[in-house]
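One structure is given here, and the rest of the page talks about it.
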Amino acid sequence: MKNSFGSQITVTLFGESHGPAVGAVIDGLSPGIRVDTEYIMKKMEQRRPKDGISTARRESDIPEILSGVFNGYTTGTPLTLVIKNESVRSRDYESISDIPRPSHADYTAECKYHGFQDYRGGGHFSGRVTAALVAAGAIFRSALEKKGIFIGTHIASLKGVKDRGFGDFREDVSALDAADFPVLDKEAAERMRELILSVKEEGDSVGGILESAIIGIPCGVGEPWFDSFEGVLSHALFSVPAVKGVEFGAGFGFADMLGSEANDEFICDGGEIRTRTNSNGGINGGITNGMPIIFRTVIKPTPSIYKAQSSVSMKTLKPTRLAISGRHDPAIIHRARAVVDAVTAIAVADLLSVRLGTDCLADGK
Amino acid sequence: MKNSFGSQITVTLFGESHGPAVGAVIDGLSPGIRVDTEYIMKKMEQRRPKDGISTARRESDIPEILSGVFNGYTTGTPLTLVIKNESVRSRDYESISDIPRPSHADYTAECKYHGFQDYRGGGHFSGRVTAALVAAGAIFRSALEKKGIFIGTHIASLKGVKDRGFGDFREDVSALDAADFPVLDKEAAERMRELILSVKEEGDSVGGILESAIIGIPCGVGEPWFDSFEGVLSHALFSVPAVKGVEFGAGFGFADMLGSEANDEFICDGGEIRTRTNSNGGINGGITNGMPIIFRTVIKPTPSIYKAQSSVSMKTLKPTRLAISGRHDPAIIHRARAVVDAVTAIAVADLLSVRLGTDCLADGK
Amino acid sequence: MKNSFGSQITVTLFGESHGPAVGAVIDGLSPGIRVDTEYIMKKMEQRRPKDGISTARRESDIPEILSGVFNGYTTGTPLTLVIKNESVRSRDYESISDIPRPSHADYTAECKYHGFQDYRGGGHFSGRVTAALVAAGAIFRSALEKKGIFIGTHIASLKGVKDRGFGDFREDVSALDAADFPVLDKEAAERMRELILSVKEEGDSVGGILESAIIGIPCGVGEPWFDSFEGVLSHALFSVPAVKGVEFGAGFGFADMLGSEANDEFICDGGEIRTRTNSNGGINGGITNGMPIIFRTVIKPTPSIYKAQSSVSMKTLKPTRLAISGRHDPAIIHRARAVVDAVTAIAVADLLSVRLGTDCLADGK
Amino acid sequence: MKNSFGSQITVTLFGESHGPAVGAVIDGLSPGIRVDTEYIMKKMEQRRPKDGISTARRESDIPEILSGVFNGYTTGTPLTLVIKNESVRSRDYESISDIPRPSHADYTAECKYHGFQDYRGGGHFSGRVTAALVAAGAIFRSALEKKGIFIGTHIASLKGVKDRGFGDFREDVSALDAADFPVLDKEAAERMRELILSVKEEGDSVGGILESAIIGIPCGVGEPWFDSFEGVLSHALFSVPAVKGVEFGAGFGFADMLGSEANDEFICDGGEIRTRTNSNGGINGGITNGMPIIFRTVIKPTPSIYKAQSSVSMKTLKPTRLAISGRHDPAIIHRARAVVDAVTAIAVADLLSVRLGTDCLADGK
């Protein structure tokens, strides 16, 4: 498999930015999962918030379900959703198809597809494809929530500005779900927005760190070798465009800790075994231990900037200067959180289904 | 799949610390790959160096090849290698099977396997299983080297002590391959060793950050969604015990950069398209761009420490104190590099084979 | 995987008879494969020939390609094709959703999907889904033909009427490709058509045996255990609705042969090793030997007949009589050949790609 | 995957006839499945019965379990079993490695592995590998029996001599399990044995048809497209050496039936929906309907015969005559039934686990 994810439940993404549509096929869904269009649309709104920052193209982006849903519930057969591409501009992409944009996939696509790739607007590499990913993820997320499993993500850090950490998980996750700009501390949020807008003024861009929590997941999920919880989830997360790092619990901070500081001692809390601290982010030996799963992903600055950059003609190998015109966002981190939440939901659903079977996600089970 | 890795070439690990053996089965190998026992043994020595630090059990650890090799070359049928467990101590593990060691997999194994797990010495979660992983990885690594692809890893940071970064890649990778303690700067190496020994005195442990380079990999390897180079490699890396974070190129450092700083501009160098900087670690859009692949993994401090820790009886839920006796290492990071190199070789071989076919690894092709 | 086929190249089918569309997603295609709409439409016409027998619904059935094709060639990213459902009748299916039709999937769908299945017109089990399968198969078949690999299928036997066997393979395969009713002997064709029409008069139905040849396939394709050529192809063939048996070469006829009769002796013919006879149908030990691949599939009589049959209410368990109204074909065997050819093309493409890589199908390679 | 089978539960076979061992790795087993060595040995005895017909090499063939079992139960981690090769004769295989035996895999192995294959005694293609398959299958079969699912196979036909069909399924399956020579009718058994012995006299060989029943399987197992019950089971069955055809229910007999004869009408029997007849062999639309699963496999005559045959030197392409010396069986059909039962158990376990999860096979669930 190449453009698919999951061993029990499989999501395949398709589509190009300037082709007829983007979409996803989900195979392995149990019958009887409620598919709530309003819920899906709400998650899709998180991907293109009305925030005064984004300049992304406005499309209705309503996913059309072509198969696998009947009377509002999954049938258990492959579910295909399609999002039509509407406001495709007929710009002259051919003239620029030869000059790869720095840190974009233009050059690697040429290496891989030998000129057959649809280069218009990033083609299959376009962030547009994440619209389908968020829609697909929403179906899993809704099913997980009925099992008491919730996912939430905030901007933990953005060019020096830091948000507070998670406090009361349930409250924070719920607040993030309601927020257009997913930051827990209001003041930090304001400073981040200002920073982004000032970067926008300069024609530059910025990235940041997302921190996510998964709460309510039972212990015992994940496999010892290879399909560890961390391995499967990171595999999914690195598909989110611009993600260049993933860490769990204390993550890279472990490098400065002693074992006696890093170890999470076991305690009994209300008749349940828990850990006093959670440096391991809820995972021991690749398997969930019942504590909240905590992980962080780093989002690199949006590669599309207005400033002129050096590049090379792929045909002539001559150096040239390139200024990327058109609309592009000075930051996508607040939009990326919707994609992080989506792939997390898919990975969690898949991991849960290994031993319990895909039926474990059906309503009322 | 659960305990297997790879879509074109599949490695399955098996075995328990105190069972008869650990081992690996490799399926999908091309016929005609030279299997050099001496080469394999050399890589296995990197996993248990004579370093004055490790106290790991001394076993001959010679992998026995049960199938798939004939006259010194792979046959193209599944290759099975087995490493017998020799110096298994008949300690009374049952008495301690009830008290989970903090940050080990004892508790999560109980959650997952409901008491059926082999709890002796960590069972299937034991670092002992990585002996088979290193042996399997060596077969791939040897084949990759014949195609001009080399992998090298050093300890970039250990509780504040930092090694220098990669300079001349070929020289550095070669030096690391020859080193027992994989650090590029001799002085840094000395300080790290001293630090580890002082931590050992205290009965404590320490982790650190490994930095790896893959050189010679062609451009165009990796898939746009899900099976990105980063996604597949991180999936493999999180199987290395104690890895809690993976980052590529500038990694988490991207959070403090502007797009104009982070983007890697294209240049033409000796008739080839390259990038001036390499903040993206050789990967754009999930696909290799021909530059060296650079990534870092964080290794948490070894959870086995001599200091007493709090835990809980899994049967009675009563709190208790636990001191882990026996031999254990104050640091495993220098040994972990052999495992990081091994899983990297497996992931790279698999990624290369997607479009080129598994035959691409055969000698003389 | 559930509704997908292939390890190197993956085809996922989706859609329900009375939903918005049926379709297929193909992942793992090499870039640079010509996608010829006319060729695809020609193969789709073989699935609904103008033959005076079929009464199937007339839809334009033009597959719309949503992704993965640019300027007439595959891009190497997932190719999605969709066929809209047009002439969906708004019959009152609910009233009959309770009485399962004998030998249809109504009852087993209820067992599996617990009432969530789309029961209208057979839902996901409808032969309508094979329209997408034939379209997907045509893309592979066209690519295989450029490599000199051709597939042809005729009706070998139909209720006692037998066609002649393959003679000159190239000529016969070519003739079958041009035929609406795929029978090699004209007289046999006429008698089969008469037989079908007389069965139609009685409101009954008939099946038969299809015999297929794959020519031009190189030797060495297939794997020794599990993914044998026979295993992978039969896996695909049993997805063709109504197929209940698959045999290779002499097939069930081997039961009455001696080893000395059954063995195919090797000879040298024009500088190439071949076999004198071909009882093994071109496959030894699960791997192609360079001779034409010969296999037969049995198609059971269409389960939809006009005669009244006994059934049971799934709610009340009360017995009842059922007469299936609407249009249905007295025979689908001549239409099924298009589906057999399609899944054969998919299976062959997948098997070829294991060692050679998916690039082996690109034009000009 | 190449030499592996199963999507939920994966069995990988390894080993060569004259290498150190043959074996299997099973991944995806639930913890808590009893592994009964006596039961396994009993099934292995069915593969080499004391029957006066077989001349197969006598080895102790006791599978050694290297991993995944603790205190007599599966742990849930990969289970590896190994059967050492003991009585390997040091015949001069090299001299004959150039002349492929008709209908064996010698020539196709050369095509596929380009001279790197272990040609001694058939190498990886040797029937010897089925010893590991039968041992692996026995673990699944034992688990299935605790869930009330039983598998039984008899020789339905052997060169004109026919056994009676299944009568009382439970009794017949039980009787076959106890029989060395699996034929239901004693007189037919005697005639078959005589026929085999007379064929042996002539230095020739014979095949036949095996008929199998799976009883106790619930309805709703199998997937609509591709992973149909028939597709998955046939995929497995074609791995049994010498199988060249698979049919379900009426199978190829459907070609001579009318729809009104072939359809299985539904009835209510003791509060359960069943079918009056079982022409579909317990499967509708690729999914089990609760009736016994009935299928037949054809076994071609053993290719090893004492009579001289024509062949060709693979090096010089010169024709030659070949007489296969050594011990070989005039019939393996009675031994093959053990292998058919084994792969059937594996396929059924895998199919059952798709929706229910692999835990569905654990004892006491």
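Chains: A, B, C and D, in written order; residue numbering restarts at 1 for each.
The rule is simple: a contact is a pair of C-beta atoms (placed from the backbone, for glycine too) under 8 Å apart; a residue touches a chain by one contact, two chains touch by 3 or more.
Note that the structure is a prediction, hence the values are computed from the model and not measured.
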Exercise. Please give the intersection of the contact partners of chain A with those of chain B.
Key: C, D
Practice problem: Fit chain C to chain D on CA atoms, both being copies of the same sequence, and give the resulting rotation angle in degrees, nearest 5. | Solution: 180
Quiz item: Counting in whole Å, what is the centre-to-centre distance of chain C and chain D, each centre being its mean C-alpha position?
Solution: 26
Quiz item: When the C-alpha atoms of chain A and chain C are each averaged to a single point, how far apart are the two points in Å?
Solution: 39
Practice problem: With chain centres taken as the means of their Cα atoms, state the distance from chain A to chain D in Å. | Solution: 46
Self-check item: Where chain D touches two or more other chains, by residue
Solution: 1-4, 7, 13, 77, 112, 124, 224, 354-355
Practice problem: Mind listing the chain D positions that touch chain A in their complex? | Solution: 7-8, 30, 77, 224, 353-360
Quiz prompt | chain C-touching residues of chain D, taken from the complex the two chains share | solution = 1-5, 7, 13, 100, 102-105, 107-109, 111-112, 124-125, 129, 157-160, 199, 204-209, 218-228, 230-232, 234-239, 241, 243-252, 254-268, 271, 273, 275-276, 279-281, 283-290, 296, 298-305, 307, 309-312, 314, 317-319, 354-355
Quiz prompt | Residue numbers on chain D that touch chain B, as the complex places them | solution = 1-4, 10, 12-16, 19-23, 25, 27-28, 31-32, 64-68, 70-71, 73-80, 82, 112-114, 116-118, 123-124
